[in-house]
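What follows is a short report on a single structure.
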Amino acid sequence: MDPVVLFFLLGVAARLARSDLRLPESMYEGLSILLLLAIGLKGGVELARQPFLELLPQALGVILMGLLLPLIAYPVVRFLGRLNRFDSASLAAHYGSVSVVTFAVALAHLVDRRIPHEEYAAVFVVLLEIPGIVVGILLAKLGTTRGVSWGALAHDVFLGRSIVLLAGGLAIGWIAGPQALEPHGRLFFDLFKGVLALFMLEMGLVAAARLGDVRQRAGFLILFGTLVPMAFAVIGALCGLAVGLSPGGTMLLATLAASASYIAAPAAIRIAVPEANPSLSLAAALGVTFPFNVLAGVPLYLWLSNMIHGLAG
Amino acid sequence: MHPRKLVVIVAESALEKVLTRELLALGAHGYTVSDVRGRGAHGEREAAWTEDRNVRIEVVCEEEVAQRIALHVKERYAEHYALVVYVLDVGVLRGEKF
Amino acid sequence: MHPRKLVVIVAESALEKVLTRELLALGAHGYTVSDVRGRGAHGEREAAWTEDRNVRIEVVCEEEVAQRIALHVKERYAEHYALVVYVLDVGVLRGEKF
Amino acid sequence: MHPRKLVVIVAESALEKVLTRELLALGAHGYTVSDVRGRGAHGEREAAWTEDRNVRIEVVCEEEVAQRIALHVKERYAEHYALVVYVLDVGVLRGEKF
Amino acid sequence: MDPVVLFFLLGVAARLARSDLRLPESMYEGLSILLLLAIGLKGGVELARQPFLELLPQALGVILMGLLLPLIAYPVVRFLGRLNRFDSASLAAHYGSVSVVTFAVALAHLVDRRIPHEEYAAVFVVLLEIPGIVVGILLAKLGTTRGVSWGALAHDVFLGRSIVLLAGGLAIGWIAGPQALEPHGRLFFDLFKGVLALFMLEMGLVAAARLGDVRQRAGFLILFGTLVPMAFAVIGALCGLAVGLSPGGTMLLATLAASASYIAAPAAIRIAVPEANPSLSLAAALGVTFPFNVLAGVPLYLWLSNMIHGLAG
Amino acid sequence: MDPVVLFFLLGVAARLARSDLRLPESMYEGLSILLLLAIGLKGGVELARQPFLELLPQALGVILMGLLLPLIAYPVVRFLGRLNRFDSASLAAHYGSVSVVTFAVALAHLVDRRIPHEEYAAVFVVLLEIPGIVVGILLAKLGTTRGVSWGALAHDVFLGRSIVLLAGGLAIGWIAGPQALEPHGRLFFDLFKGVLALFMLEMGLVAAARLGDVRQRAGFLILFGTLVPMAFAVIGALCGLAVGLSPGGTMLLATLAASASYIAAPAAIRIAVPEANPSLSLAAALGVTFPFNVLAGVPLYLWLSNMIHGLAG
């Protein structure tokens, strides 16, 4: 089993056994800054090698998918899950957006197996983080009189920490190029897997802390938190095929579609849709979907992408 | 010593930015913020990661402003957010500051 | 405003886990914890490393609960641990919470 | 419960070392310090880096000592430094400690 | 002189000169997480290469030693040092258990000199951390009516941070194997000495902060804090010889026996034996024994192990 | 453009756009500890290779310059800038002292271009940090009755964090030598540029936060904060030529002269000259001079040093 998964399980086990192990919050923040910058820089360096215009249709396709996913998730939750409008919209936003760490795990999975993929795929993370959140909030506000201050919200979403670091990393990587970044690479690239491992340990602690909330609605959450990702992975893989990605890149896009945001979405939804219960969406995203994706989803989505490419090919 | 009020708000960290802005609008001349963890009706918030943290905001102000702040926070945020507010009597030397 | 009591306990961090558990058992509905450093009869505790840190625990509760907490902490921990406890008067809007 | 005073000083972190030393000299038996951020007449101090941080110092002491501290801080530091001081009434069980 | 020792001395000097240098607490925690995981992972990778059954007698021998050490320390402190029962038991627990950083320094000492040793020795750290603490607490409670909640205590001790990280690292290293861990190694293994150096700087600051307490009972503490480690090192070396370790591994076991816990033991004793004075045991463990071991003990125990192996033949 | 400059600009942009990006304070502290130690260690290793006596005249020359710079800055601010005595002295202290991060950027600039330079130049940082501050304080106190506790002040300045880490690193590097430090080098040296990049991101955030204060006296601050560094760079370059440095070393000394302290000086001045307005000096040092040096100064000072050496040549 991949070591990063083992680190995750160690975190889960420590938390379930009520160990006093915890990573200091500033270590969590530091590691996530490193991860986001590393993913962005790597993507930016590769982006510079692409003919820009060829990427435009890909980008549009990916954004379209990002707008579509929450529109699919919402009715599922609202009418099958029988949740109120706010919680439905909140879940739609979380699952419409993406999880960068899940992406990092998928990336490491490909790199370990030397499977070729579009190395600028970090761009997709940036493109997919926001649309799902915006659509989710719109869904919550449909037909409500009490308004949202859209300006402030757009500011918070577009200038959130993760977008700034990812997009900033992309820009720096793009401008500076691989050679100038080589000495920095020893921190950002060579240590990537180690940093990811530490981060997964923390994710295990955090995810397991949500299991209490999961238990309160176990049936719904487990079904929702595993079936929706799998369905979204199919959509993501088809989208990847349609925009012309390689099997590796298709798997990354499938993983992104299948992943649920647990940083940008919660922060934005908490302010824009206060009526939604944050425990519910975090229980789903962190307590069910993240572990599912990391333990079973990532290999599954690789298989799926290969199969779809095989069928199409 | 001049009598003033000390308003303490403990709330989930997502509210820090809006709350501090609104405090000034409601007439406070300053505030002090610290990162805390805790437990209440919304369960444990253990500051294991960013979204799981509380902030403690402290405002020294005139009684009237204190009333306004407490009421505002209660009406606008108490229903949907994890938070508590309480008010104490304090004495200050430089009355003009608060 | 409903009158309540605010109990503040500053104690060595080793006590955080037991103390917070016991507070709930003694009738508190919640608490707020922050990491602090300080000095007292047991010398300086400067938070240079984990075992050398204090925590500051704040509980808003009814007078009776406050009495119980203060007494319990004094009797059970004051002899052997670095700690102080003090109690203040506070006012709260949502009396049912505390 | 024995009545005492709680003096709270929020000041720029550069003052921590001198202030805590002087508190003891002025008769305090202990103090508790935490790292905070805030806003006041000197603008925002957001703790983005070391020089931009405040500390919050809490002292439980007898009324007379409290007066002395508040006055000392006001006279010596209030003019040139970002700081506020306020005083509250507290009750303690172990009167001899403070 | 070994750079890690120099970093330690820098920390001591800065503190004694009352410099305002201090490492942020979360950096201290982050570094210790890295160190514990690195030691565990390294040990686990090597453990996978050992025939499991052959290790069992070694493990038993080591645990026996861990139970024996506090039983020796207790009467020495109680009757020669004339301390009360609680402080005696507390010191017995601290010296019966082990210090991971001292182990790391000894390990680095061997690696620098390319001296072969049992590379799975991290297992010994895990085995030795707990028995000393348990026996120490039993000694404090002998004949007391007021009970200890043994369940809660066992939980805290067995699931303390350092055990979880060490044992977790061992398990991950064991399961994943050297090849899968290679990319993570750039964080955990390549940076090991640098991380240890930073940690030793912090240890210097922390140890020097204890010297005030040392001064109050200087005679007893200095005698106790240097003689007991040396005596325990002899026991450790003999035990290493008996269970068939190489001279390098014998030196590691001697160092572990000689080292005094300053993380796990203080935390457990503080709750289980509140009557014991924590300044005393920390002054001994951190203020005297840690510096002694790092400055003089480690080379001494290497010489000792070589000598004992030479004599034995 | 150099990646570290891009990281700086990313920080500036994030702050100006009011993004919620911030590095945790303990990460800032941790990174600065790493930087200071790395610079010190590197310098110490090289120092050991120099005949000690030959360096003495260089050291004296550099210290003389350090005493001179604030004496030049003071009348400029006082009479041209029309500031009061305290603010003038405070600015003189900030610009008389040095900025380690600016030095690190200049160093990286040389290393990237493989320009030879005196690799023990970290010594100059240590020598230049203090004199400017002391002279600045003296200037503030001239003719004042209310005294300063010079003992306490000297203690704080000479044992400040940055001096202890730099000088400690120098000493460790000098004693241990390059070979013993090789395994630590993977943390301190190989990661240097990556750590510097992260630090520059933080510096961008911090510098941009000062722009509000800059705006309040924009005219004076921008003139002062760019012209004085350029003038000081000329002095520094001449001093480098006089004491016999290579063009690379001359550029480093010019950069040090041109840089303004924003750590040691603010801390010392705040206590010793409370009447000075800290916003003013930080706005100049962080909001104007640091960005100016990093964006334009460093290449300019390299050109200057080459030119001066060419003329002298």
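By letter and in written order, the chains are A, B, C, D, E and F; residue numbering begins at 1 in each of them.
Keep this in mind: a contact is a pair of C-beta atoms (placed from the backbone, for glycine too) under 8 Å apart; a residue touches a chain by one contact, two chains touch by 3 or more.
It should be emphasised that the depicted structure is a prediction, and the values quoted were computed from it without experimental measurement.
Participant: Kindly list the shared contact partners of chain E and chain F, in label order.
Facilitator: A
Participant: Considering only chains that satisfy the touch condition with chain C, which of them also satisfy it with chain F?
Facilitator: Correct list: D, E.
Participant: Rounded to the nearest 5 degrees, how far is chain B rotated relative to chain D when their C-alpha atoms are superposed?
Facilitator: 120
Participant: Would the interface of chain A with chain E count as same or different, where same needs over half of all numbers used to appear in both copies?
Facilitator: Counting which numbers both chains contribute, under half are shared, so the two copies meet through different residues.
Participant: Calculate how many whole Å lie between the centre of chain A and the centre of chain F, each centre taken as the average of the chain's C-alpha atoms.
Facilitator: 41
Participant: Taking each chain's centre as the mean position of its Cα atoms, how many Å separate chain B from chain C?
Facilitator: Centres of chain B and chain C (C-alpha means) sit 19 Å apart.
Participant: Measure off the straight-line distance from the CA centroid of chain A to the CA centroid of chain B, and report it in whole Å.
Facilitator: 34
Participant: For chain F, which residues are shared contacts with two or more other chains?
Facilitator: 20, 24-26, 29-30, 191
Participant: What are the residue numbers in chain C that touch two or more other chains?
Facilitator: If we look for residues of chain C contacting two or more partner chains, we find 34, 88-89.
Participant: Considering every pair of chains, which are in touch?
Facilitator: Taking the chains two at a time, the touching pairs are A-B, A-E, A-F, B-C, B-D, C-D, C-E, D-F, E-F.
Participant: Considering only the defined contacts, which chain F positions touch chain E in the complex?
Facilitator: Touching chain E from chain F are residues 24-26, 29-30, 33-34, 37, 155-156, 159-161, 164-165, 168, 171-172, 175-176, 180-181, 183-188, 191.
Participant: Which stretch or stretches of chain F touch chain D in the complex?
Facilitator: My answer: residues 22, 25, 28-29, 202, 205-206, 209, 262-263, 266-267, 270-271, 274-275, 278-279, 282.
Participant: Tell me, which parts of chain C touch chain D in their complex?
Facilitator: It comes out as residues 8, 10, 34-41, 54, 56, 70-71, 74, 78, 84-89.
Participant: Any idea which chain E residues touch chain F in the complex?
Facilitator: 1-3, 6-7, 10, 13-14, 17-21, 23-27, 30, 112, 190-195, 197-198
Participant: Of all residues in chain C, which touch chain B in the complex?
Facilitator: Where chain C meets chain B, its residues are 1, 4, 6, 20, 24, 29-34, 58, 60, 88-94, 97-98.
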